[in-house]
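Same chain, two partners: subunit A is paired with subunit B first, then with subunit C.
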Partner chain A sequence: MTPSRTAFAALLGKDLRTEIRTMRSLPAMVLFAITTFIIFRYGLDRTTLSGSLAGGVLWTTLLFAAILGINRVFVSEQEEGGFDAFRLAPVDRTVLFTAKAAALFIYLSVLELIVVPTFAVFFLPQWSGLLPLILVLVGANLGFAALGTLISSMAVNSRARDLLVPLLLLPLVVPLMIAATGASAPLLEAGAPSYEEFGTWLLVMGLYDGIFCLVGYAVFEFLLED
Partner chain B sequence: MSGRNLKALSTATVVILIIGFALAIFWAPLDADQGFKQKIFYLHVPLAIVALIGFIAGGVEGFRQLRSGDRRHDANSYVFIHLSIVFGVAVLVTGAIWAKASWGHWWVWEEPTLVSFLIVFLLYCTYYPFRYAIEDRDRQARYASVFAITAGAFVPLNFMAVRMAESIIHPRVFASAEGSLPGSMLFAFLVCLVGVGLLWLTLVKVELAGKQASGQVSRLRRALSTDGQSGSVGGRIAPEMEAG
Partner chain C sequence: MTEVENAVVLRGLGRDYGDLPALQDLDLDLPAGSSLVVLGPNGSGKSTLLRILSTLLRPTRGEATVLGYELPKESWKLRGQIGYLGHEPLLYQDLTGRENLELQGKLHGLSVEEANHRIDMDLEVMEMSRRADRRVNEYSAGMRQRIAICRAVLHRPKLLLLDEPDSNLDPEGRELARSLIGPGEGRTRVLVSHEPERARAEADAVLTLDRNGRAVELAS
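For the complex of A and B:
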């Protein structure tokens, strides 16, 4: 049995290399997010945003961009026989879950590295809230990564893959979005950012991330059996 | 499930439901604030409690299905979730009626329990398209179980998050219905709760009996058309999980 750490590094490395060479997910996610900002600018008819409005626009955009990426997490495995190859390999099944979740976490972080500063340039009058926002982004990314990997692996083997991912994911991320917007809204307030209930919402996110990491880790192997 | 048991169970359901509603309408005192309108509480809240317990029980059955690989648990999980969705429609409708009657709006965003319930309901609605998008029977059972477990874990988390959002962002406008119920109201409520629970159980049994019967019929049909192929099925009565 190959040690899990080696298998994890190999799988994650493969995913990142594929993404760097083919650029299949990330550019689309970034483009989508930036275009969405423009739609919000005209839809809401605002040139600056603050408080809960800013939080709402940012998180809605990130969520939908994340769904684009989540849709594609397992597509290459499905189309090019990666699942079969993985089933043959003498490794722990859950390694695929952790590796894919880690890859998704990295994609989302790169996405935010580009999109959040763009958002700040477009809409925010002052940027002091962005530094603590990183914590919120990390918390949300963890949840997206765990749940997205789970949902993606559930949907990829069904007939209605592209339809099912958003359908299943959206209700499931409502608590995460409540916590993320709850924590970000005071940070993005015009004037000085406030930390009202910041810790509480981070705690809720941590709980959410923990539960869905555990659930995903526990049930994932049943999705791979054939 | 034999026919006689089912008959006894359905009789008990009808009797207890009638007693419960009679107690609620004629015996329990009128609510000081809301008057007669508040009586819908005796239908709405039991329906919601039973539906939520059904969702979580569906998750537990999903877990048992993954553990044992026994398709009966999958059938249970499916029927639990199915009936809880049906009850869920009733919860949302009665909730809307209650909201209209007491607060003047069909939908009240400040009421966290109702909002949480809607989110949970929407999540479970995706159970059907998800389930029937998977063709292979074994895989369908496994994937549906994974869904049931994930969604079951989500239910309490969602209620917590929505409630927190309300209490942090807005002050709580409506005090919760529980708390200091007078004894007679509580008793009438509990009888209604038992009645609605029995109703759910009866419907579950009917559904499962129907599934077993249709499974048996199709198995017999298979045995008749090509005798010799039925050997793999074995003697156990596994419910058929056809669409519909």
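For the complex of A and C:
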């Protein structure tokens, strides 16, 4: 068997290299998020947001931008024979799951690196809550990456892929979104950020991430079989 | 793995797609180091047979032992010892030919030095060295097939499963490919072909399937 670390690095490197070369996922995700902020700004007719409304706007936008990326996670494997090439190699099947989840985690992090400061410029009167928000973003990205990779691998062989991904993902992602919004809302309050129930919501997110990482790890091999 | 007398042993092998049988009651003993050509009309199960032997597809019934390993139970032991060249080249379009081969080398656990040595050698054989650093989506179908052949043999498999390997290749390309995927050098080959005369010339055995996926002739 090929060492899993070698195969993981090779697959992740391939995905990142392809994205840098083709820019098929990230620009669309960023453009979607920024356009949504503009619509919220004029739709709500507010120049500043705070608390749960700010959290809601941020996480609604990030969720739907993430779906654009999740839709494409396995497209090259499905369309270019990457699944077969991988299945012919002496590699632990779960390596593909971890490499794809890692790639999605990186895409989401890059997206947030651009989009969250934009959100702050558009809506936040003060930015002191942004530093602790990083913890919430990392926790949510882990959940998105694990669940998104799992759902994407289930939907990729269907011609209705673009419909199936949100249909399967959205109900399952509700607990993560509640926790992410719950943790973000006090951080985005006007004035100084508060840490009320911050730890509890982070714990909920950690639990969610753990469950879907384990589920993905456990079932992915079966999803790859014919 | 200890050397086996028969590289492929099939007993009553069958595969259905839903209610439709694609392959039925196939028995076969293929000695190690020999070449088998599989002939038959479209839809006779030739490609299905190759995909089962490659571990990409599970048989619906019957027994299959490949290089001494029982399928599908011991498939994981077999992977890495099979070179599969199917209808699709299994190449990422946005990577270069060389990058695709490097990825293949890493997935098969080759060291960087060993992989690079083999890649250079095989690209030279297929006369693709000068064009290996162009992206696959810029290649013609024939060039893609040449790189796909390099991919199939990069890890020096014991068993080659070749589904119409000459497709898209010009006469020069076919000749070049012989040294990598042709008979000899102890390779066991299972080759699907639509050119019976040419294929028979380099085969030790010929298996002919009918439209129902049944063997109608197995000749040595």
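Just so we're on the same page, the second predicted complex is superposed on the first by the 226 of 226 C-alpha atoms of A that agree within 3 Å, B and C clash if a C-alpha of one lies under 4 Å from a C-alpha of the other, contacts with A are read in each partner's own complex, and residues count from 1 in each chain.
Following the convention adopted for this analysis, a contact is a pair of C-beta atoms (placed from the backbone, for glycine too) under 8 Å apart; a residue touches a chain by one contact, two chains touch by 3 or more.
What you are looking at is a predicted structure, and each value in this text was computed from that prediction instead of being measured.
Within the superposed three-chain model, A:T18 lies in touch with subunit C and out of touch with subunit B [touch as defined at top]. By the touch criterion defined above, A:L167 lies against subunit B but remains apart from subunit C after alignment on the C-alpha atoms of chain A.
Contacts of A:F86 after superposition: subunit C is touched, whereas subunit B is not reached.
Within the superposed three-chain model, A:R5 lies out of touch with both subunit B and subunit C [touch as defined at top]. In the superposition on chain A, A:G182 makes contact with subunit B only, while subunit C stays out of contact range. Contacts of A:L223 after superposition on the shared chain: subunit B is touched, whereas subunit C is not. Residue overlap on subunit A between the subunit B contacts of one complex and the subunit C contacts of the other covers 225-226. Considering their complex, residues 66, 119-120, 122-123, 126, 129-130, 133-135, 139, 142-143, 145-147, 149-151, 153-154, 157-158, 160-162, 164-165, 168-169 of subunit B touch subunit A. Touching subunit A in their complex are the following residues of subunit C: 54-58, 76, 79-80, 82, 84, 86, 88-95, 99, 103-104, 106-109, 151. Contact residues of subunit A toward subunit B in the complex are 150, 154-155, 157-160, 163-164, 167-168, 171-172, 174-175, 178-179, 182, 197, 200, 204, 207-208, 211-212, 215, 219, 222-223, 225-226.
Those residues of subunit A that touch subunit C in the shared complex are 1-3, 6-7, 9-11, 14, 17-18, 21-22, 76, 80-82, 84-91, 225-226.
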